[in-house]
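Next, two complexes with subunit A in common: one pairs it with subunit B, the other with subunit C.
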Partner chain A sequence: MTGSEVMQQTVNGVVDGSTFALLGASYSLITSVTKRFHVAYVATYLGAVYAAIWSEDHLPLPHIGDIAFGLVVAALMGVLIEAYIYRRIAARAARRGGDPLIPVFIASLGLTIVAQNVVSWVWNTQPLSFNLITNKGYSLGDVRYTKLQVLAVLLYWLILLALWAFLKWTKQGSRVTGVQVNPQMAQVVGINTKRIFILVFAIGSVLAGLLGMFESSTVAAQPSMGFNAMFYGFVVAFVAGMERGPLRIAVVGLIVGLIQSLSALWLPLQYAPAVVFSILLVYLILLPTDFRRYFTRRTTATIT
Partner chain B sequence: MQKRSHVKGDRRHHRRALVASFAAAAGLLVASCGSGNSSKPTETTEKSTTESTSASNTGDSTVADGGADFIKNTFAKDAAHLGGGLKIEIGAAMLLSTSQAYYGQEALKGMELAAAEIKAAGGPEFTFTTKDLAVSTTAGADGAREWGEKGKIHMALASGFFGTGSMIPLIDQYKILTIDPGGGTSTVFQGKPYAWGGRAITPDDSLAGVVEYLKTAMPAAKRWAITGYDIGALTKGTIAVLQSLADSVGAEIVGQALVPLPSAGTADYPKAIDQLRSMKPDVIFNWVWGSDPAAFMKAYALSGMTAPVIGPDFGATTVDVAGSAFDGYMFAYDYFDAVNTQNPWAKHFVDAFRTKHGTDPDYYPANYYEDVYIFWEIVQRTLAAGGDVTNGADLQKAMLENLTFPSLYGTGDVTGSIAFDATSHSLAFRPMGLFVLKDGKPQPLAYFNIGGKDFKLP
Partner chain C sequence: MGLSMNIVNQMVLFSIFALSLNILMGFAGQASIAHAAFGAVGGYTAGVLGATHHWSFPAAVVVAFILSGVIGVLVSLPALRLPNEFVILLTLAFAYIVASTVISIDALGGQYGLQGLGDISLFGKKFVSPSEVFILLVVIGVIVFLACWRLGESSFGRVLKGIREDELATKALGKHTVGFKVVAFGTTSAVAGLGGALFVFYYQQVSPQQWTLNQAIAMIAMVVLGGTGNLIGSVLGAVVITASTPILENVVHINPSRATFAQMIIYGAALVLFMMYRPEGILRERHGRLRAAGKGYVEASITPLGVGNGGAENQQEWKKLLDRVATTTVQRPAGDGVTALKVRGLVKHFGGIKAVNGVDLDLPLGKVTALIGPNGAGKSTLFGLFTGFISADQGVIEYRGQSLRGMRPDQIAKLGVVRSFQDTRLFRQMTALENVMSAVPGQSGESLLSLYFLPWKVRASNRSAKAIALDQLRIVGMDRHANTLCADLAHGEQKLVAIARALATGAEVLLLDEPTSGVDEQWMHHVAETIKRLPEIGKTVCIVEHNLAFLERLQANCYFLESGSVRTHGSLRELMENEDLRKAYFAV
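Right after this comes the complex of A and B.
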């Protein structure tokens, strides 16, 4: 192991960790506030990319317009999923005195599969190119990095800081936190919880879409994209604590990314993904947590 | 950013994939045991005319005659045993949904074209009953069992190493003569009863030819690095083949950077490339398939490395992903070169495929097209020998009479040829080559056969 190898893996770890940070923060924003097991995060991740591709092919927009179009579509998808699917399923479950967790999860999984198949149908299953920017590689000594990686790290941390500031210092952010902490009390004090749900789905979905665009720029747009991202987001948010603030989740994401990347110095590369899930396993064993707590309201109220 | 031009596939096949995928979703959500029946017959829809305008046998088929005379003259030799009037159902286990659906959809195009031509030439009416291997890991086995119990299917085409082996016990049990032209036998499923590999073992069978090329054209390239999927025993076997070849030419395998077998396009190639850089290789053997060679090269182009990358696969539809980063990528396997066809039958096939689908066929439609013709040849032999075409044992006996068959691959006055090995059931003779991409188009660097035999530069 040489110094340059350690430096290279550290750089890779920062890039991966920053991605995990935003995945975790965006996933937990939705899940911790709404208590929906939102597998269809994958659908919005995917939807943004393919909407941008559609825009590239059909709309006379500049490239930034295509990107914006994709992100708007992702936000709309998230909002519509909450307003017309999850909310109705949760309401029905509540009327029957049941727990909406599993019905919402199944609907969410179904939506994701449908979204993947619609994309496969419309665009074929072959990968497509969608690049946020024209990428370029650079060297710093023996360490390589790309323009896209630099942009990703800077943008992700800027967004994480903005998200933290939004939740901490804005009135709307306080409402989100209020619903997250105690939705019944939030309703009592006049917060429209439905609107807050819509808001967090919109924000989380835009971030999912942005992450999807970065993935497609690194690799390619494919109908199967998004599941890995959702799992990483879930693991990071779960280990950090779903209801924690975005910066704490981000730090955990960064650490997970660094551990996974640096593990490649000792482990064959093919075992790197196992490292993240080993962290989750160790966490679950050492710090037993009631998994369902993350998806169940402390109060008896169900937001319908 | 440039606007993209899509190659949109046959919408009918997309619908089929969509339906199969909904079945997959339903299977996941409701049954959760993968026992849903997604098989359904597909009808050949091509209308081949029997009118002919040319009796020549050079493969210069035209849109007007559909090359019917060429097919008749080449394949319908014994008018008494062509199988005309017979309806023969062929099982087809292939990937028809998910991100790999492209392969199954393209294969079906080749099969349906072959079936239409064969019927027009006086042969049997071949129809295909598909089973989507993407539905579950046991879909291949489910398909073979259904076909066997139904008792109407005695020949089948498979994919992905016979549904990664799941079909093998059942095609033996029900005596279903099965060829896998998508994955071949691999090194793991050789010599299994009724299971035959319809393509070269990739990349193993091509490595000797590649090494011969390196010896000839790049004699100073002695430091070889390996990257690609870690597929356990298969990868270890391939590494052993390469190690042996390296020893034979005084080269050194300087390291491996393997990645987990991913969902397509999700492997972490930048990290693998970082490891490769530290190995300072002269050549990189990259064993990934599908769209992943493009994803790898997209990342590789940013790495500052210049060592040639030699892969086992290339799909024209992936060029858009890598763009100019793909230039210089080399690949070696039994690639079907639709631009530089080497025999009249291949030219006929390309013309007919272009006419029908508006695109060039790649090796998937080519291989499955070719193997439907192999089945016709076997049917003719079986009938000529007084055998029963509804008996898998009779069919295999007819196949074993002569394991050499006409092929789209390789040179020949009318067709090329391939030959199966009676023991391994893999191909023993299969023309292939090493190609390099220039402006997204493959250019041949060398032609050879399995094990580097018949090596020649173009």
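Right after this comes the complex of A and C.
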């Protein structure tokens, strides 16, 4: 391995890591606040990209308009899923005294395959091109990078900062944190938790859509995309601790990206997911109690 | 004929997957997206052994079965001690890893997989045509069905359902829930591996396309649509979903290349709609019910105690009942013969809150002790500490001289200290009888070995558990509700069933958390009389209670707690004489 190989992998790691950072932050925003096992994150990820492609072909909008249209569709999907499907299922489970986790998860899985297969039905499974910007490659010595990568890294960290500031400094943000930390208490002090759920689904879904558009610009749009993204978002959010702020999750995402990318110096590329899986496994085994609090809170609160 | 026979065989193969997944999802309440991945483990094991190493069919299948089970245990082990979210995450990760590794390992044939696994032959007989293979598959399918049925309907299955309904309450009854979950996960993974091995031998090839996420979702759809917790439903689900492919292609005439998309859209939409409108699936879960005139079941309840109208005969009947319940075979630590539970300097702080702050108390053997005091005094926290649900910061908790600190809740319960919960925590989707039966300790049917190889022992143990459970229900007057789902019982009735369930554990020390809140007057008197009599059958009781009339009746030794410390103790009368206390708490 040479110095420039290490440099190249570090650059790739920063790009991947920044993607994981935003995936983790957007995924955890939804999951930690609503406690929904939202596999259909994939549906919104996919929905934004194909809605933008549809708009490109059918609507007389400028390119930026197609992008905006895709993001709006993603937000709508997230909001409608929560308002008309998850909420009902959770209410029904609660009436029967059960845990809504698994029913919501199964419905979410169902929505995901509906979305994937509707896309496959309409556009077929061939990869399509969808580009956010006209891409261009640069090199610095032996290290290569693209305009898209630079844009992604800058934009992602800007969004992460904005998300952090929103949660920390705005009134609406502190309501979100309130619901996340203690939903019952939040309700008691007059926060409309339903509205907060809708809000986080909207934000999370727009971010999912944006990430989907970046992936399709880097590789191509295909119906099978999104599952990897959700998986990474999930792992990052879990390892960082779901209830943590976006910046801490972002740092963990960056580290996971760097580890995965640098592992390619020693391991064949196809083992990259195995590396992430190992991180997850080690973490689950050595799980610090502090991290478990998010999930155990529900139970410990009721046994005393 | 060849085509339709092929579809029938697929139905049998998928039934094997759906049945085993139902044990995991429907009974134990653990969602897994890795069921197809375990099929891949079995399929590739059989593929490598059959195609590359030319092993015989039965040898390859048996190894696939065992290896999938072992991997199932190893994969689930880190996640099963954690809440369900982690199990889903881990199975997702496992499915993902299997999918990406089978493609990248050359020995597994990469994208194309392995072909030519060798004949399906057993005891010298070859099964070649689909209709010949059908006979073999049906035989194996029926065995799997019966094995799953046996598991689901046994005490083992009852514990799994308990975990699904309320894992914490299951632990409180002395069940090592993680152990049960690991066994369930391992067994169902092994059966998925078996299904995988049969599948690849049937098609004479193993490839990555056979074990995609779509397959895993199809399996989940079979279980969910057929009915979670209902095994016949899983077979129904497998049949309906497998039949949908040829129906879409041949009846609706959808282009085969698009039929898969249509099919997946239908599954997906069905999953969503079922979760919204009929989460239990087409067939509802079965419940073990007593036949009204069944053996050993006496219809007439005993007249409640403490209402004056009992008479000598009723008293006699009571004595008999209590004597029956008193017999226990559990070995207890010797102790000093005076104190059941000794607590010294017990401390538990939650952050800045001093929930328990240096508590000393004794529960004398064969006596009733009460913990009283305002809300937030630390009474329920003490129960949590005694039974291992909350770990103490400092102090001594000894049961008959044996320290309980650092023990798991189920170990403490097995040893003889059991708690009930203020909010009952009954298993709502199980009958009262099933609830109480699940608490009976030492049932042979909780071991897979006995379940499949010592059926006579299991039958005897099951019969005795049922008799014990019925006796306990009679004690609290709930035997007439033995067959009622706990979700359908009134709150007061649930409280009584919860007492019966705690009694059924056979524990010597019973910690009852507000046993009569919400129970109507007549039954409250009855419960008081029953609790008063528990010392006669060797029980030590500690109750948290606010109802002074009830405590008066019990003539218990009372500990008055305030802000996490024992302020004073003595008989209720003595406590009432204390001016400050009377003002502060008794408000008289």
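Definition applied: the second predicted complex is superposed on the first by the 288 of 304 C-alpha atoms of A that agree within 3 Å, B and C clash if a C-alpha of one lies under 4 Å from a C-alpha of the other, contacts with A are read in each partner's own complex, and residues count from 1 in each chain.
Going forward, contacts are C-beta pairs under 8 Å (C-beta built on N, C-alpha and C of every residue); 3 or more make two chains touch, one makes a residue touch a chain.
Because the structure is predicted, anything quoted here is derived from the model rather than measured.
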{"item": "Subunit C versus subunit B on the shared subunit A, clash or fit after superposition", "value": "clash"}
{"item": "Which of subunit B and subunit C A:N117 touches, first, second, both or neither", "value": "both"}
{"item": "Partner chain(s) touched by A:A83 [first = subunit B, second = subunit C, both, neither]", "value": "neither"}
{"item": "Partner chain in contact with A:S261 - subunit B first, subunit C second, else both or neither", "value": "first"}
{"item": "Partner chain in contact with A:P273 - subunit B first, subunit C second, else both or neither", "value": "both"}
{"item": "Contacts of A:M225 with subunit B and subunit C, given as first, second, both or neither", "value": "first"}
{"item": "Touched partner set for A:L151, first subunit B, second subunit C, both or neither", "value": "neither"}
{"item": "Subunit B versus subunit C as contact partner of A:F37, first or second or both or neither", "value": "second"}
{"item": "First (subunit B), second (subunit C), both or neither touched by A:F105", "value": "second"}
{"item": "Shared contact residues on subunit A - subunit B and subunit C", "value": "106, 109-110, 113-114, 116-118, 120-121, 227-228, 268, 270-271, 273"}
{"item": "List of subunit A residues in touch with subunit B within their complex", "value": "2, 4-5, 8-9, 12, 53, 56-57, 63, 66, 106, 109-110, 113-114, 116-118, 120-121, 123-129, 131, 135-137, 139, 144, 146, 218-220, 222-225, 227-228, 261, 264, 268-273"}
{"item": "Residues of subunit A that touch subunit C when the two form their complex", "value": "37, 85, 88-89, 92-93, 96-99, 101-107, 109-114, 116-118, 120-121, 227-228, 231, 234-235, 238, 268, 270-271, 273-274, 277, 280-281, 284-285, 287, 292, 295-296, 298-300, 302-304"}
{"item": "Of all residues in subunit B, those that touch subunit A in their complex", "value": "1, 3-4, 6-9, 14-15, 17-18, 21-22, 24-25, 28-29, 97-102, 230, 256-260, 263-266, 268-272, 274-275, 277-278, 291, 294-295, 298-299, 301-304, 315, 317-318, 320-321, 323"}
{"item": "Complex contact set, residues of subunit C against subunit A", "value": "25, 29, 31, 33, 78-79, 82-86, 88-90, 92-94, 96-97, 100-101, 103-104, 165, 168, 213-214, 217, 220-221, 224, 258, 260-262, 264-265, 267-272, 275-276, 279, 355, 380-381, 384, 389-390, 421, 423, 428-429, 487"}
